[in-house]
Amino acid sequence: MNATGISPDGAGPLLDVRALRKVYTGRNRSVEAVRDLTFSVGAGDLVCVVGPSGAGKTTLLRCIAGLLAPTSGEVVLEGAAVQGPPPGMAVVFQEYGRSLFPWMTVQQNVELPLKQKKLPRARRLELVRNSLDAVGLGDVPAAYPWQLSGGMQQRVALARAVAYEPHILLMDEPFAAVDAQTRADLEDLVRSLWQRLGVTILFVTHDIDEAVYLGQRVLVLSSSPTVVLDDVAIDLPAERDQLGTRSSARFAELRAQVFGQVQRAKHQSGAPDHQSGAQGQPAGSRPADTGTGPETTEDRQPTDAGSR
Amino acid sequence: MNATGISPDGAGPLLDVRALRKVYTGRNRSVEAVRDLTFSVGAGDLVCVVGPSGAGKTTLLRCIAGLLAPTSGEVVLEGAAVQGPPPGMAVVFQEYGRSLFPWMTVQQNVELPLKQKKLPRARRLELVRNSLDAVGLGDVPAAYPWQLSGGMQQRVALARAVAYEPHILLMDEPFAAVDAQTRADLEDLVRSLWQRLGVTILFVTHDIDEAVYLGQRVLVLSSSPTVVLDDVAIDLPAERDQLGTRSSARFAELRAQVFGQVQRAKHQSGAPDHQSGAQGQPAGSRPADTGTGPETTEDRQPTDAGSR
Amino acid sequence: ACGSSSDDTPSGGSGGLDKVKVGAIPIIDVAPLHLGKAKGFFREQNIEIEVINTTGGSVAVTGVVSGQFDFAFGNVVSLIQAHSQNIPVKAVTVGNASTGKPGEDFGGVVVPPDSPIKDAAGLAGKNIAINNLNNITDTTTRASIRKAGGDASNIKWTELPFPEMPAAVMSKRVDAAMVVEPFFTIAQNQGARVVAYNFAEAIPNMTVAAYFATEQTISQKADLTGRFKTAMDKSLKYAQEHPDEARQVLQTYTKIDPAVAAKIVLPAWPAEINRESVQTLADLMVSDGLIKEKVDVADILP
Amino acid sequence: MTPAATVPPPAATAPVPAGRSGGTGPRGGNALLGLLGFATFLAVLEVVPRSGLVSANYLPPTSRIAGALAELLGEGRFWTAVADTLRGWFLGLAIAVALGVVVGFVLGTVPVLREFTASTIEFLRPIPSVALIPLAVLLFGSELGSVLLLVVYAAFWQVLVQVLYGVRDVDPVARDTAYTFGLSRWTRIRHLLWPTALPYLLTGIRLAAAVALILAITAELIIGAPGLGNEINRAQSGGAVDSMYALIIVTGLLGVAVNGLARRLERAVLSWHPSVRGEETP
Amino acid sequence: MSAHSTVRPGRRSPGAAVGTVARVLRWIAAVLGLPVALLALWWVLSADSETFYLPPLAEILAAFDDVWLRSDRLRADVLPSLLRLSAGFGLAVVLGVGLGVLIGSFRRVRAFCEPVLEFLRAVPPPVLVPVLMLFAGFGNTMKVLVVLSGCVWPILLNTVEGVRAVDEVLTDTCRCYGIRGPARLWHLVVRSASPQIVTGLRQALSVGIILMVISEMFAANNGLGFSIIQFQRTFAVTNMWTGILLLGLLGFLLAVLLRLFERRALHWYSGLRQFQRNDGHR
């Protein structure tokens, strides 16, 4: 619950990202997506990561998940450097529709990783049932993912991660594609799961409201090439609710603070000389209007622009 | 600019929807999507239509566009009953990705309807250039739609509609799938195009903020089977901007008013006994949690729940 | 002859039968084979034959060379051709022969009823359908044209399966067609006129086809070959002497209409290969350019 | 020999909306129309020879063909031929599918192999299987083996190419999901690769089934191996035009049956796939 | 929902030139490696082949020159074959796409025709040759028709599927903007079905080559297929092998041509697909 990443019980950081750098090298281009990231996350923390689109949030997360090898620097999880996907970690992807196996029922989807863990059948079924109950889907284990609504699908993905009993749960903009109402519900779900299970969560989003509402800490990344711009401790009460918390004065303050940083982030990256690069790109490259184009954001207030 | 649909200059309504009723008859079920809609839109108006999901907004729009034959009642455009897609009308669909021809460049996409109109080449090129410039895409005529971001694609669709020089422009939740920032930009674009070109616009959305921000009038539809619940005149100043307008007191009032109607709409439809129908549907049919399920909305305040 | 099967060699083992596969086209020409099988002539020689349908001479040669058949039926031109390509095949006994009687043979050249062509000489320069180019049909047709005093050098040949020929002639898609039974009869039933009996006219008493095997089989299984020849010769003789039974046996392996089968002219099934006719044929092949070098048919005849 | 309907791999039609009930329409009505279409076809076949447009000697009217067909159905020999053809077809198809799946998965999962075999596959694939007839006759004579060689050769490519597409089409997100949950290689193949490739494989099988049947009959016809093709040959060389057409009709009907069977298999196995489930939900 | 595009120009790394050379070398190795290895293997294994039907590769290659290049055969045999193939293929394209658009556009027409089409498709083309000869004689027309009769099915059926899958939103868009008649046909229907049509073309091509050979088994006096069959019948085995080799080579070249055409005509589609596969998440 503090901004240093050392959890208060002195157990030392669970996750340590050290001078992480990632350069994508393609055929005849290479992109430095992440320049230099250093931070740590204590056991049981819920850390949100925000940053403008293209900041390298996904890149960071994939490095932590062991899906991508860093160009330099390292990711240390529970004392060991991450080489491949570490055991005890679960990832919830943004594209829920594509991360569930359409040929399996909800039950089978949740159960598959447990089978791999070689848990006995009874235990597996118990875990599946519990986690589906936890996300409020106890009644549809036999349905196929595509028979469910988007929000329900995302909850299945969450249930799968929860059933896996990970020490650390990574989420990459998991609610970007669900509607406002469902999103609020899922946010509350994440917080309640986190509180009940004591799992460490790293939650990537580009929604500032969401980050402030959910997290204990909010890491603000600069735009690409990426560095950590700020690490905001969220000192809101542990019990949060969509209405009360979001309308509280402290929430507005924190949101304004993060928003200020994100605004700064758009104009400041690891490479100052790179700043104007985003505008001069030809058609077909990363579009200039994915929500963070410098040309339209200056004149917006934190309270408005940050919320979707 | 008034709620009656008769434009102030006395030119009479451009569009007249009279006792429109639409029943979908399927294999062994028939759905009365629209029960009885009557309203008119004056020339040069910008009317927004809001209503809960499944209200029949798309159905209404497709009837107006002549893509769907009404079961009874009629749509009169410029004095003539609509039989098929009338000339001089342009439609912007929600599914931007699917309404552009992927095998044509941006330029060709915008130009195609003009070719069909048999405009001379020079005039076509001029119209294409102007409309692309107007939506801020003057520099990508040679790109293919799938090389652009979602917001850019939607702008191409808009440019195509604008270049067509329609008298009336229909839009069906055109910005539902683009991110917040782009959405704000596109909203301003629509208003400025409308002001510049004097075209009549019917704008369907389920976002109350958007409807209030954009429209001169907001038509509130009940849930299915659908009737017009309210017709709110938006007396905001003609010059609107995302920050000032949205934070003005009058905006909040109007939003609250519309929101109240929409809340009422969910529980009231043309057929009161139909009310609970939405909940009893099996999995796989219209998902129960698309943001307007009756079970979660009561406890939310207008200012929060209504925004996308 | 029934009792003479006692000179059995050790190969048969404990009274076991030698299983022999014979490749043959399902046409009239091989009626003796089927008849002999039905009559038990092969069993008398301790041979159990299985007749396997082939689609033509080259398949038969290939089958024999690859060991799929022990013996096969094929026309002598194919044999000569194979020999000229150094394929080691050799005739065992006669297959069938022309009746040698112009006017009453099992094949000939037909023309539409109203055709201006009156005789073989009139075929010069015409479009004639044959079943296989560079084979026995065109070689003999050329020969009979030359014999009739025509010019055989500029004929336009069209390859066509026998079954298609009656229709082709009657609809005048070709000027003439060299057909064999049963299509010879079918064509005539439809009104076609015969202008040449090329098998009979080209070479006197010409041997058309033979049963053959590889040289290896003939030398290494001399006994079996001998017994096969014995049975085959008996069958040929029987078929020659009992044409009605030969006609009947057709129904077991072809789809010829019984009414047609009763009317067709059967080929001759003589006891011996007419070596002279084969040599003449081989010489014709050289002059017609089918093969490059002169062949001594003694190499391929038994 | 690839005359075959190809809905390109179901998953490859990404831009197509999944849930379209497009064209399925009322089932009964369609079947009726189809029957009507077929009846019209038969009627034309009846009228054309009767009107003298072509001689009935060469194209007999439907009624005579039907008579010959009825006769055929009573013959043991005919059923043996059908059995022979079906055996060649099925064995060939089974071998081709097995080979295609194994080779496809190996090549598909090992990028280097795939890269280095691509050109060879491109070269071998268009070699027409008829070119192999001499080789087939040489190796197997005019028996089942020859038919199998041709059938397997033609059908194998259909399956292989589809499997290659399928294996490559694994969704990156699904793959990452599998990695992060630490699924083993075998589990990934079994639960990720296989289901992803399955729709493609089934398309491949459907194509291959049609091709295999056509090739089986062609091989019998040309090489003379026992089966329907050989029966056609026999009828033809005996001048039995009616039976020949009856046999041709039988081959056509077999083809229709094989295609129907393959589609049914597809529907049963792919209940979860958009192309199939789309037909059920309106 | 933001669209990512991977086409991002970046700085060239200093080692780019070296990398390019290495990549080209690797590409060459990948394309030629296996074929060369296989040829070498064939060469070695057949070097002292005694089997009559499997002559040494060296001998075949030596003969190739004589048989095809130093004689009139390229003009007298290969050219007519290719002309007939392209005529049949071209007609099949016109007919297949034309009928396919018609059948695909109207549900009733489709229901009416489907069973008959399925049936005709299932009849092996060689069986149809005698029927075709009844109507078309046995000149070039017949051979072109044989090719057509086989090629048309894959094109037709693929076109039907493609036309059926035209996106509804695009259809509505066209209606709204008054895009009708030929413009609609071309800009909407054909273009949108074109990926499937090209799939059909590819299948049709391999069928076409096979049928080119088969058609030359009947009533031919020139052609590549005719030559191969003549070689086979006259036991000129080495020559026959050169023919098979040439056939394979032709098939390969034609497939490459088609691929080039596809690359030009469908570059939008491959771009779209790649985008969807890589990072389009909708």
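Should a chain be cited, it is by its letter among A, B, C, D and E, assigned in written order, with residues numbered from 1 in that chain.
The definition used in the following text is that contacts are C-beta pairs under 8 Å (C-beta built on N, C-alpha and C of every residue); 3 or more make two chains touch, one makes a residue touch a chain.
Listed by chain with UniProt protein names: A, B = ABC transporter ATP-binding protein; D = ABC transporter permease; E = ABC transporter permease subunit.
Because the structure is a prediction, the values reported are computed rather than measured.
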Selected interface, B-E versus D-E, where C-beta contact pairs are more numerous
D-E
Average the CA atoms of each chain to get its centre, and name the chain whose centre is farthest from that of subunit B.
C
So the centre of each chain is just the mean of its C-alpha atoms; given that, what is the distance between subunit C and subunit E in Å?
41
Rounded to the nearest Å, the gap between Cα centres of subunit A and subunit B is 34
How far is the middle of subunit B from the middle of subunit D, if each middle is the mean of its Cα atoms, in Å?
48
By residue number and range, which residues of subunit C touch two or more other chains?
62, 66, 161, 163, 167
Among subunit B residues, those touching two or more other chains are 98, 102, 147-149, 151-152, 179, 284
So subunit E residues touching two or more other chains come to 1-3, 5, 7, 53, 130, 134, 167, 232, 272, 276, 281
Subunit C to subunit E touching residues, read off their complex:
56-58, 61-62, 65-66, 78, 81-82, 85-87, 129, 132-135, 156-161, 163-164, 167-168, 171, 173, 290
Could you pull out which subunit D residues touch subunit A in their complex?
171, 173-174, 176-177, 179-184, 187, 191-192, 195, 198, 272-274, 277
Which residues of subunit E touch subunit C in their complex?
52-53, 130, 133-134, 137-138, 218-221, 230, 232-237
Contacting residues of subunit B [partner subunit E, same complex]:
62, 65-67, 84-85, 87, 89-91, 93, 95, 97-99, 101-104, 112-113, 115-117, 144, 146-153, 160, 164, 177-179
Subunit C-facing residues of subunit D, complex
55, 57-58, 134, 137-143, 222-224, 226, 230, 233-240, 243
